[in-house]
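Below you'll find the structures, each written out as C-alpha cells.
In the two assemblies presented below, subunit A is common to both, partnered first by subunit B and then by subunit C.
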Partner chain A sequence: MSSFLRPAAWLLIAAAIVAPIAMGMNTYYLHVLNLAWIFAIAALGLSVATGVAGQIVLGQAALVGIGAYATALLMMRLSLPWWLALLLAMVLTGAVGAALGLISTRIKGHYLAIVTLALNEIFRIVAVNEEALTGGPMGLRNIPTLSIPGLSETITQQLYLPLAGLMFVSYALMIVFHRSALGRELRAVRDDEMAAEAMGVNSVRAKTIAFMICSLWGALSGGLYVLLVGFVAPTNFTIAESIKMMLMVVLGGLGSIPGTMLGAIVVTILPEALRDLQTYYMAAFGAAVVIIMLVWPKGLGVFSDWLWGSFLTGRREPELSAPAGPLSLAAAAAAASSALAAGPALPETGGPLMRVHKVSRTFGGVRALNDVSFDVIRGEILGLIGPNGSGKSTMINACSGVVHVDGSIELEGHPLQNHPAWEVHAYGVARIFQNVRLWESMTVLENVMVAWRRVPGQPSGEAAIREASLAALEQMGVRHLAMRQAGDLSFGQSRLVEMARAIVGRPKVLLLDEPAAGLRGGLVLELSTILQRLRAQGMTILVVEHRIKLVTSMCDRVVVLNLGDLIADGAPAAVMESPAVIEAYLGERADAASHETRARRIRRRSVNHAVAPG
Partner chain B sequence: MNRKTTMDMRSLLALAGVSAALATMPLNGAAAQEQPLIGVSLPMTGSKALVGRNFKQGVELAIADINAAGGVLGKPLQVVFEDDQGDNTNGAINAVNKIMQVHKTPVMIGPHYSVTQMATQNVYCNGKIVSLTGATGVPVTNSGCKYVIRTRSNDDIQAKAIIEYAQKELNAGDKTAVFYANDDFGKSGQARVVAQMAALGLKPLAVESHNPNDKDYSAQLAKLKNAGAVLVVLWAHDTDAALIVKQAKQFGLPFRFAGAVLSEDAFLKLAGSGAEGAISASYFVPTDPNPAVQTFVKRYEERFKMAPDVWSATYYDATVLAAKAINAAGSGDVAKIREAFGSVKYDGLLASYGCDDKGDCNRQVNIVEIKGGQPVVRAAVRY
Partner chain C sequence: MLGQVIASGLAMGCIYALVALGYAYVWNTMAIVNFAAGEFLTFAAYIFVATFTMSLGLPFWSSLLLTAAAMAALGALFSRLVFARLQRQRALVAIIATVGFGIFLKEMARIIYGPEPLLYVSPFGDDMLDFGGFRLSVQQLLIMVVVVVVMAAQYFVLRYSMIGKIMRATALDRETAALMGIPVNAVLAGTFAFSAVLAALAGILLAPLFYVTTEMGSLVGLKGFVAMIIGGFGSVPGAIVGGVLLGVIENVGAFAISSTYKDAIAFTMLLVFLVVRPEGLIPERSADRA
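Then we have the complex of A and B:
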C-alpha cells in the first residue's frame, strides 16, 4: 500500500507546486508562495543548527539580514553580477556563522540562545544607525532584482519555479547531509555532548560547521529575498522574524529537516489564507498552531519524514530475528569462546602500553586522585577497584580526556592528559560510561557508526563504516537491534550497544566503567568471555568493577584505589590478601581477623556495592 | 504492518488537509462580489494595532460622510481593509499585493509608515494604483514614484516650523539646545532640527541624548542648564518626554520645551502640570477651534465613544480627498485619478489640501502650546 501512496503523494505535491504558475494565478498568491520558499530556505539553516545540532539560535533573522544587505550592497556599490554578490554574501555570512560557532564552544545552552538574540539586536542597531552604508531606518531601495526574461513577464512569476526548485534542492542536500557522517556527529553532539567528545566527535568542529550551515542558508535566503523584492530595511529582520523562523522549525518537528519545509510553508501561507478574518486572523493563526502541536506533538515532521522515506533514513538493514535469550549475550559468548579457541594466539603481553604517572586531581577541597601511578601492560585486562569515592571513575575520565589532571598519562609515548577527548579517542582510547550514555534519538547502528575510527590499513568510507559497525553489534550479540532507536532499549541492551560503540574503532585501550552493572547475574560471566575475546583481538582493557568474583575471574592484574591513593597493585589473589586493601574495604586493622574470613567479607561487601552502584 | 497502515492513512489525511488549505486561497479572493474603489492597508495586528484602530475609525467616519453626500461615481463608496502589521515590510508588501492583485482597486490608502512606503513603492508604482499616505519621511515623495499622494507635511517642515517659531516668536534662536532619544526616531529628528538651524545660520548651544526608557535625566538636564538654554528642542517618545519635563519642573529649570510629541494625549496625561507651556509642531489637536475640527470631534466621539487622534483625522482627510479625486476623474481609471489630484482642493481637518507634481498635498503644521493642560493652537505654519 505504502509503495503506491508515496509516489502518489509526490505527484500531488508536484502538481500543487506547478499549478499556481500554470493556471496563471495572480502575483499576490505567487508572491506569498515565493516568500514561503525563501523562508523555508532560511528555516532550513535553523533546522540544522537547532534541530540537528541542538544549538538554539534566536537570531537567524540577523544572519538572513547580513546576507540580504551584503548581496544588495555588493550589487549596488561594486556593481557585481547577482550570482557573484550572492556567493560573496554567503561567504561573509558563513564567516559570521563560524565566529558564532567558536563562541558556542564557550557559551552553551540557554546562554548561547541569549547571545544569538543579542546578535539580532546588534544587527538592527547597526543597520539603523550606519545610514551611509545601510540606508538607515528607511533601508535600501532600487536594488537590482533578478529577472529571467524567458520565463514570464513579472519577476514574481519568473522566479517562482526557480525558487521552488532551489528550495527542494537545498532540502535534498541537507537530508543527505543529515545522514552523512558529519550529520551523525552533529546529532550525537545534540543528544549528549560529553559522550560524543569521548567517542571521537570534535565538538568544536561540529558546532562550527552547524553554525556555518545555519548562516549559509540564512544568507542565501536573504540574498534571494533581495533579488525578488529589491528592497531591504531593518524591519525585515527583527527578533520577531527570528522567532517566526524558530516557529517554522518547531512546528515542523524539531530535528526533522523535511518537517521544517512544511512548517515554513504553513507559517508563511496560513496567515495570508486567513486574512479575511480581518482583526482576528492572527489569533486564528495562533489557534491553528496550537491545534497542530496538539494533534501532532512531533510537528508536521511525521508526515514529511514519511514522504521522503528511505531517502531520509538511508538504506535499512533487514530486521534479523532476535536470538534466543533476553540479551542474546549467551550466543555472542558462545561465538566468542569458539572464536577464542580457533583464533590467533594471545598477542605478546609485554611492555607497558599506557603509563599513568603521578596523576592528581582535586574537586574543590576533595582530592579525588593523589599522585597515582601505574602502567597498563599491552594485552592485559587490568582491574581497577576500590570502595566508593576512591577515584576510579575520575581515573577513567582522566584516561579518556573527559577531565583534566596534573601529572602525565601516556599511550605508546603520546601524552594524553589534558587533550580534548576526541583526540584521545583518535589515539585509540575508547570507553563506556558508568551510567549508559547513548545518543537516544539516533538508531543503534548510527550510534555505533559515529564512534568509528580511522585505523591505518583498514578500509574506510560509508560502506566500510557500516560493515564494521554491524560487525561490532554482532560481536555484542545485538545486531538485531541495529535499526531500533537507542532511546527505546532496555538498560541491559543499551549497555551492550555502548560496548559495541566502544569497540567499533578497534581501540588500543578499552576503558570500561562498571560494564556488568545492570546485567543479570548469569550474564556477568559471559561478559567475562567477551572481554577475553576482545583482548584476543588486540585490545588492552582497563575495567572498573565492584564484583570481586568478576574481577578475579577475568583480570590479569588489579590496582586498588582508596580515597584517591593507589594502595595495591598486583595479581588479583595477592591483592585481596593485602592488609591495606582489607582495611580500606572493611575499615579495621589487618590483624583483627584471619585473612581468610576477611577476604570472604570483602567479596560479600563488594556484591552489596554492585547492587547499588554509585 | 498494522502500525504502518494507520500511519499512511494519517499522512493521506494530512496531505488532503494541506491541499484543501492551498485550494481555498484563490477561492477566498473570488468570493468578493462588488469591486470596491479603495483598498486600505493599515495595522490591524501587532504592536501598532491600537493606532490602526484610530486609523480605521477615521476612514469609516469619512465613508459615512461621503455616502451621506451621494457616494462616489454615483454609488455608495466601498472599501476593503487589509492588515499590514504596521512597520513590517513583508506584511505591507503582502497587503499591498492583495489590494492590487485581488481587490484590484484603483486607489489605496496606506501603508502609513515611511519604511513600508519605501518597501512597497517597487510594487505599486507601476500605474495600476494610487497610494495616499500620511508617511512623513522625506524620501517618500522623492523616490521618483509618480503614484504616491502624501497628505501630511514632511519631517523637515515640522522641524523648520519649530525652529522658526523659536527664533521669531520666542527670540530663542541662539539659545536653543537639543535633547533626543538615542534611536531611529530621536536621531533622525535631531539631525533634521540641527540641519534646519544651520539653514538659518544657528547652532544649538548643546546636543544631549538619552536612551529610550531611561528614568533619570538629571545629568543631561544639568548640562542643558549650564549651557544657558532658554528653549530645549525635545525629540523623545511621549512617556520619556513626560518624565523629562516633569523632572525639569522639579529642579526649577528655567527653560521651555518644544518638540514633536508634546501635544499628544499620552504625554499630557503623564506630564501633568509639567507640560504647561510646552510647544509642539503638530498636525492635529482635537482642541483646534476650527469649526470643521470641532464638528469632526463631536461626531467621532458620538460614534466611537472615544476622542479622535491625529491618525483618525489624517485618514479621515485622506479618504475624503481620495473620494473627491475619484469623483473629479469621473471614473475608476488610475491615470485620470492621479491627474485629478492635481486639481482637487479640499479644506480638511489637517490643512487646506492642494497637491503638487510630486504628490505632496499638505505643507502645513500647527504650532501648539499647552495652556491649562490643554493644547492650544498658536499658529498654523504653511510653506
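Then we have the complex of A and C:
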C-alpha cells in the first residue's frame, strides 16, 4: 500500500509543479511561485544551521542580502558573467558564514539569537547608508537578469522550471547530507554538545560548517533573486524577512529538511492566497508561530518526511527481535565469559598508561580536586571511589577533557589536560556520563556511529562504521534496539547504549561514571563480566562506583578520594581496611583498635546497598 | 554640547535599564528571554496614548496607572497561556515563540490603532531646566526620576518584603519552593506581569520623545537585551548599569562618529563585550554544571 502511495504522491507533486507553466498561468502567480522556490533555498540553509545543528540564526535575510548585493555588484561593476558573479558571491558569503560560525563557538543560545539579529540590523543600516556602494535606500536597479531564450517569452516563465528543479536538487543534496557522518555530528551537537565533544565531535568545526552551509544557500538564494528580478533594496532583507524564513523552518517541523520546503511554499504562497485579508495576515502569522510552537512542534515535517521517506532516515530495517528478558545483558555476559575462557590470556599489564599528576580544580571557593596524583596501569581495572562530593566526577570530567584543571594528565606521554574533549577522545579516551547523555532525537545506531573513530589498519567507510557500531551494541546486549530512537529508551537501556557508544572507537582508556546505576541488582555482576571482557580486548578501565561489592569483585586496584584529596591507593581489600577510608565514609575518627569492626560494617552496608532496589 | 549628549544618553539609558530589568526578572524566575518585550513596550505606548489619553481624555497619572494595570493583565495572561508552557522546551522553541508573539502584538497595534504615527505631547511641557550649565529637558528629568524610584522600590521589595523572599526562593529552586507551599505559577505570572509593567513604563516615558509607531519598541527591546548582556545576564544591578552605560556610549558614539550609525554602534558594543567580557560587568553568580 505505502509502496504505491509514495510514488503516486510524487507524480502528483510533479504534475502540480509543471501544471502552472504548461497551462500558461498568469505571470504574476508564476512570479510568486518563483519566489517560493527561491525562499525555499534560503530557508534550506537556515534549516541546516538551526534545525539540524541547533544554532539559532535570526539573521538569514542579511546573508541572503550579502549574496544578492555581491552578485549584483560583481555583474554591474566588474561586468562578470552571471554564473561567475553568483559563484563568487557564494564564496564571499560563505566566508562571512564561516566567521559567524567561529563566533558561534563562543556565543550560544540566546546570545547567538541576539547577535544574529543585531548583525541583520547592522547590515540593513550599512545598506541604507553606504549609497556609493549599495545605492542607498533605493537600492540597485537595472541589474542584468538571466534569460534563457529557448524556454519561453518572459524571464518569469523562462526561469520557472530551472528554479523549481534547482530547489529540488538542493533539498535532495541536504537530505543526503543529513544522513552523512557530518550530518550526524551536527545533530549530536544540537542534542547535547558536551556529550558530542566528549565522544569525539569537533564542535568548532561542526558549527563552522553548519554556518557555511547556511550562508551558501542564503547567497545562492539572494543571487537567484537578483537574476530573476534585476533589483535589490535594503527592504528585502530586514529582520522581519529573517523571521519569516525562520517561520518556514519552524512550520516545516524544526529539524526536518523536507518539511522546510513545504514550510517555505506555504509561507510564500499563503499571503497571496489571503490577499483580501492582508491586514490580518501578519497578526495571524505571529499567532500561528506561537500556536505551532506550543501544540504542533513537528509541523509539516510529518508529511514531508514520509514523502522523502527512506532518503532521510536511511533504509528502514526490520527491527531485530527482542530477547526474552528485558535486557539481554545476561546473554552478552555469557558470550563475554566464554570469549574470555577461549581467548588468549590477559594482555600484558604493567607500566603506567595514564598519569594524573598534581591535578587541582576549584569551583568558586570549593576545591573539588586538590593535588591529586595517581597512575592508571595499562590493562587494569582501576576503581575510583569516595563519598559524595569527593571529586570523583570532576576527576572523570578532567580526564575526558570536559573540565579544565591545573596540573597534568598524560596518556602515553601525550598531555591531555585542558585539551578540547574531542582531541582527548581522539587519543583514545572514551567515557560514559553519570546521568546518561544520549543524543535523544537520533537512533541508537546513529548514537553509536557518531563516536566511531578510525583505527589504523581497520576498514573505514559508512558500511564499516555501521558494522562496528552494531558489533558494539551486540557486545552490550542491546543490538535489538539499534533502530529505536534514543529518547524512547529506559534508563538501564540508555546506560548500555552509552557503554556501546563509548567502546565503539576501541578506546585505550574507558572512563565509567557509575556504570551500574540503573541496572537491576542481578545484572550488576554480569556488567562486571563484560568489563573483564573489554579489558581482555585491550581497554584499560577507570570506574567510579558506589557499590563496594562490585568494586571489590572487579577492580584490580582502587584509589579513594575524599573532599578532593587522594586518601588511599592500593588493592581493594587493603584500601577498605585503611583508617583514613573508614573515617571518610563513617565521618568519625577511627582508632587502631576498632577499625577492623568498622571496616566490616562498611562492607556489610555496601552489600545491603547493592541488593536494595534502585 | 557634550554635556547635552550625555544627558540625553542617560535618559535613553534609563529606558534601556527598565527593559533590561524586565528581562532579568523573567530570566531569573523562568530562564526564558522574552523576545516580545519591545512589542510590549509598543503596545503599552499605544494603549496609553491612543486609548486612555486621546479617546478617553484621562489625565496623565490615571492613564499611566490604567496602562500599567492593562499591561500587567496582558503579561500575566501571556505568561499563563504561553510562557509557562515553553518552560520545558528547548531555548530555540521559546525564542521563536516569543518572537512570534511580538509580531502578533505589533500587528494588533497596527490593526487596532492604524498605521499612522501618533504624536503625544507631554503634559509636563518641553522646557529645558538648567543645572549650572548642564541642561536637561523636563521629560528627560522625569525619565530619570521614575527610573530611580522604580529601581529603589524593586530593590527594597525584593530585599525586605515577603513577596521578595517568595520570588527569590522561586528563582533559586522552583520545585523546593512549590513543596514549601509557594504558589509557583502565580509567582511566575506575577513576575511576568511586573516585567510587562516595566516595559509599559518605558513605553509611556518614550512616547513624548518620539512618535508612537508600531516600530518604536523593536529596537528598544533589542537594546534592552544588549544592556542586560553588557551588565551580566540575569543580574539586576547589571541590567541597570548596562542600560545606562549603553545609552550614554551609544549617544556619545553617535555624536563623535556618525549619527546614522547610532544603532550599529550599540550592536558593535554588544559584539565587543561578548568577545572581551562575555559574563558581563556584574555577573550573576552561576554554578559550574560540568
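What we mean here is this: the second predicted complex is superposed on the first by the 575 of 614 C-alpha atoms of A that agree within 3 Å, B and C clash if a C-alpha of one lies under 4 Å from a C-alpha of the other, contacts with A are read in each partner's own complex, and residues count from 1 in each chain.
Convention: a contact is a pair of C-beta atoms (placed from the backbone, for glycine too) under 8 Å apart; a residue touches a chain by one contact, two chains touch by 3 or more.
On a predicted model such as this, the values are computed, not experimentally measured, just so you know.
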{"item": "Touching partner for A:Glu423 - first (subunit B), second (subunit C), both, neither", "value": "neither"}
{"item": "Partner chain(s) touched by A:Val250 [first = subunit B, second = subunit C, both, neither]", "value": "second"}
{"item": "Subunit B versus subunit C as contact partner of A:Ile56, first or second or both or neither", "value": "second"}
{"item": "Partner chain(s) touched by A:Arg141 [first = subunit B, second = subunit C, both, neither]", "value": "first"}
{"item": "Subunit B versus subunit C as contact partner of A:Gly230, first or second or both or neither", "value": "first"}
{"item": "Touching partner for A:Glu577 - first (subunit B), second (subunit C), both, neither", "value": "neither"}
{"item": "Touched partner set for A:His31, first subunit B, second subunit C, both or neither", "value": "first"}
{"item": "First (subunit B), second (subunit C), both or neither touched by A:Phe303", "value": "first"}
{"item": "Touched partner set for A:Ala118, first subunit B, second subunit C, both or neither", "value": "second"}
{"item": "Residues of subunit A contacting subunit B in one complex and subunit C in the other", "value": "129, 279, 282"}
{"item": "Subunit A - residues contacting subunit C, complex", "value": "50, 54, 56, 58, 106-107, 109-111, 113-115, 117-119, 121-122, 125-126, 129, 194, 239-240, 243, 246-247, 250, 254, 279-280, 282-283, 285-290, 293-294, 297, 363-364, 394, 397, 402-403"}
{"item": "Contact footprint of subunit A on subunit B as seen in their complex", "value": "4-5, 7-8, 10-12, 14-15, 18-19, 21-22, 24-26, 28-29, 44-46, 81-83, 87-90, 93-94, 97-98, 100-102, 114-116, 118-119, 121-122, 137, 139, 143, 183-184, 187-188"}
{"item": "Complex contact set, residues of subunit C against subunit A", "value": "33, 35, 82, 85-86, 89-97, 99-108, 111, 218-219, 222, 225-226, 229, 233, 260-261, 263-264, 267-268, 270-271, 274-275, 278, 285, 287-288, 290"}
{"item": "Contact set on subunit A toward subunit B in their complex", "value": "1-2, 5, 9, 12, 16, 25-29, 31-32, 35, 128-129, 136-139, 141-142, 229-231, 233, 235-236, 238, 262, 269-270, 272-273, 275-276, 278-279, 281-282, 300, 302-303, 306-307"}
